[in-house]
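What follows is a pair of complexes built around chain A, which joins chain B in one and chain C in the other.
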Partner chain A sequence: MTNRNRNLGYYMWLAHRITGILLAVYLFAHILTLSAALRGAEAFNQTLRAFDNPVVRAFELGLVAIVVFHMLNGLRLIALDLFPSWSQEYLAFAVLLISLGVIVISVPFFF
Partner chain B sequence: MSSYLQPITKPEATYTIHVKRFNPESNAQAHWETYRIPFVRTMTVIQALEYLWDQNTYLAFRANCREMTCGSCAMLINGAPGLACMTLLQDGSRIEPLANYSVLKDLIVDTSGIERKYKELEFWPKLEGATKISGVPRSVLHDYSHIYSRCIECYVCLEACPQSDAETTQFDGPMFMLQIARLSKHPLDAKNRPRQAIERGALSCVNCYECASVCPVGLSPASEIGKLRRRAFTQDFRNFWRKLVGKEPAQTP
Partner chain C sequence: MPAGQDIGFREQYLRSLKTRSVGRWEWIALRLTGVFLVVFVLAHLWFLHYAKANHLSFQDISARLQGRRFQMLDLGLLVLAFAHGLAGVRRVILDFGVLSLGAEKALRWVLFVIGGVGVFLGYRIFEAFLGAWGRAG
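Right, the complex of A and B next:
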């Protein structure tokens, strides 16, 4: 990749790929965490208590950001496929604004 | 080659440009060379290259119309694909040949693969049955005059597309998809063009719209790819439904 200015859609595509990979990695971590339930209620509670700290909450907020962006950008791509004449940049801005709004609204739920 | 530039008697500044040069007869690999260009306002990259030619530098590059009509002068300017005749010269510009193609000499690349692909993809109306048109829908005429006929086949979108290169990728690239879209609208063409687009990798398009952002004539090949994909899906869904209810699949896309 050459280092040059590219349009917003290019960076949205790149971010979609990166968030997709991160979500895939998170999925395995999530399943691994929940598998503690197989060892009994006390083990599960202990695992969840270990995650009850500000650092993990910050990561969870980051997870919300990743999920929201990936979902909204996916919807944007579907919209572009169904309605190719729509402006991809306007949709990209809308995705970013809504993602930012959801993240800001989510902050009080984590901290 | 004689330059179309008037002799530069009162330059406003002296710009430095870097050009990637390669001569297969004398160089083992490409190398950068630096030149100083007397700059006048609104000077374009192609004028700088012509100035070098006039100074007996004999830098090899393709050029023809110098007015964004022919698409010959596509190259990478500061890393971005574009036409040299419509890119204003900047101090410190880095000029190199298109990266997706093998270099023949200096800024000239081998585009024979593109010509071969045109023949593979049969970019002419495939006639079947009737050879006369009774009437052409206005929307088709509009699309031809506003979109398809405007493509100057400069290969800039092919260079910008992150999902296609000259030979190795399954996806041919935005310009070819635009040509397939053009033929899909031709009233005499009987080939299933949306299906052809899918077979040539239209599903690999990631909607990054880089092709639209670099197109020198303002086209949006990505939008045309989206339309082709939508028509292919509609066709597939219709055929699936028809098969489900025991009917023959539809022949027309």
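Right, the complex of A and C next:
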């Protein structure tokens, strides 16, 4: 992987990797926090209440942004596998634009 | 390839995969689980974080999980997310350099065990929500 072409495709590839790693790490964190349910309903609800603050909600919105980007970019990669003639750049811009749109629409759901 | 020809990053990456040990089945599995995850994750986010924005409780989740469809949604999500996530982590690790065949096999087993622990813990949590309903009702 030497002599990389630092074009948009490269940065999308890099972003897909980074968001993927973050999501894998979050998956474990998510399971660990949910495991409060193993200690009973009250312990679980207490954990939920502890997470009910603006800082965690901002974190969750960021998480949604990462999920949506990774999801759309993954679909873009599959589309490029199936239809190699499609424009990589247009699809990349579409991914970024739709991600941004979803994040903006999501704000009222979290705050 | 003639020297200096710009084949583009994506093409270059795809070619590099052919010289390494990323198998065909792995390539397809990562994509298949990804496509299913799009549906599962969207449903998960919608039902848990958008439709009932921030009004969740143990009792809510427990009641919802009595439905067969929600059980399948959660269990499917659990298995798919760990499979896709760890397959992706493996790919990133392999991209850093070619491991020896032994190291690669060891990596596969380590990730398999980690995934197994994750799915097991997730299933225990799933059971906790189901069981609580049985005792309460």
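Everything below uses one rule, namely that the second predicted complex is superposed on the first by the 106 of 111 C-alpha atoms of A that agree within 3 Å, B and C clash if a C-alpha of one lies under 4 Å from a C-alpha of the other, contacts with A are read in each partner's own complex, and residues count from 1 in each chain.
Here, a residue touches a chain if its C-beta (ideal position, glycine included) is under 8 Å from a C-beta of that chain, and two chains touch if they have at least 3 such contacts.
The structure presented is a predicted model; accordingly, all values stated were derived computationally and were not measured.
> Comparing chain B against chain C, which has contacts with more of the residues in chain A?
When the residues of chain A touched by each partner are counted, C comes out ahead.
> Quick check for you: in the superposed arrangement, does A:38 touch first (chain B), second (chain C), both or neither?
So A:38 only meets chain C here.
> Touching A:81 in the superposition: chain B (first), chain C (second), both, neither?
both
> Identify the partner contact of A:109: answer first if only chain B is touched, second if only chain C is, both if each is, neither if none is.
In the superposed model, A:109 contacts chain C only, not chain B.
> Can A:9 be said to touch chain B (first), chain C (second), both, or neither?
Touch status of A:9: both partners.
> In the superposed arrangement, which partner chain does A:64 touch: chain B (first), chain C (second), both, or neither?
After superposing on A, A:64 lies in contact with chain C but is clear of chain B.
> Taking the superposition as given, does A:52 touch the first partner, chain B, the second, chain C, both, or neither?
second
> For chain A, give the residues common to its interface with chain B and its interface with chain C.
Shared contact residues on chain A (touching chain B in one complex, chain C in the other): 1, 3-7, 9-10, 13, 77, 80-81, 88.
> Applying the document's contact rule, which stretches of chain B touch chain A when the two form their complex?
It comes out as residues 76, 78-80, 99, 162, 206-210, 212-213, 222-227, 229-230.
> Can you name the residues of chain A that touch chain C in the complex?
For this pair, the touching residues of chain A are 1, 3-7, 9-10, 13, 17, 20-21, 23-24, 27-28, 31-32, 34-35, 37-38, 40-42, 44-45, 48, 52, 57, 60, 64, 67, 71, 74-75, 77-78, 80-81, 88, 106, 109-110.
> Going by the contact rule set out above, which residues of chain C touch chain A in the complex?
Chain C residues touching chain A: 6-10, 12-13, 16, 31, 34-35, 37-38, 41-42, 45, 49-50, 53-54, 56-59, 62, 81-82, 85-86, 88-89, 92, 95, 118, 121-122, 124-125, 128-129, 132.
> Could you pull out which chain A residues touch chain B in their complex?
Contact set of chain A toward chain B: 1-7, 9-10, 12-13, 16, 77, 80-82, 84-85, 88-89.
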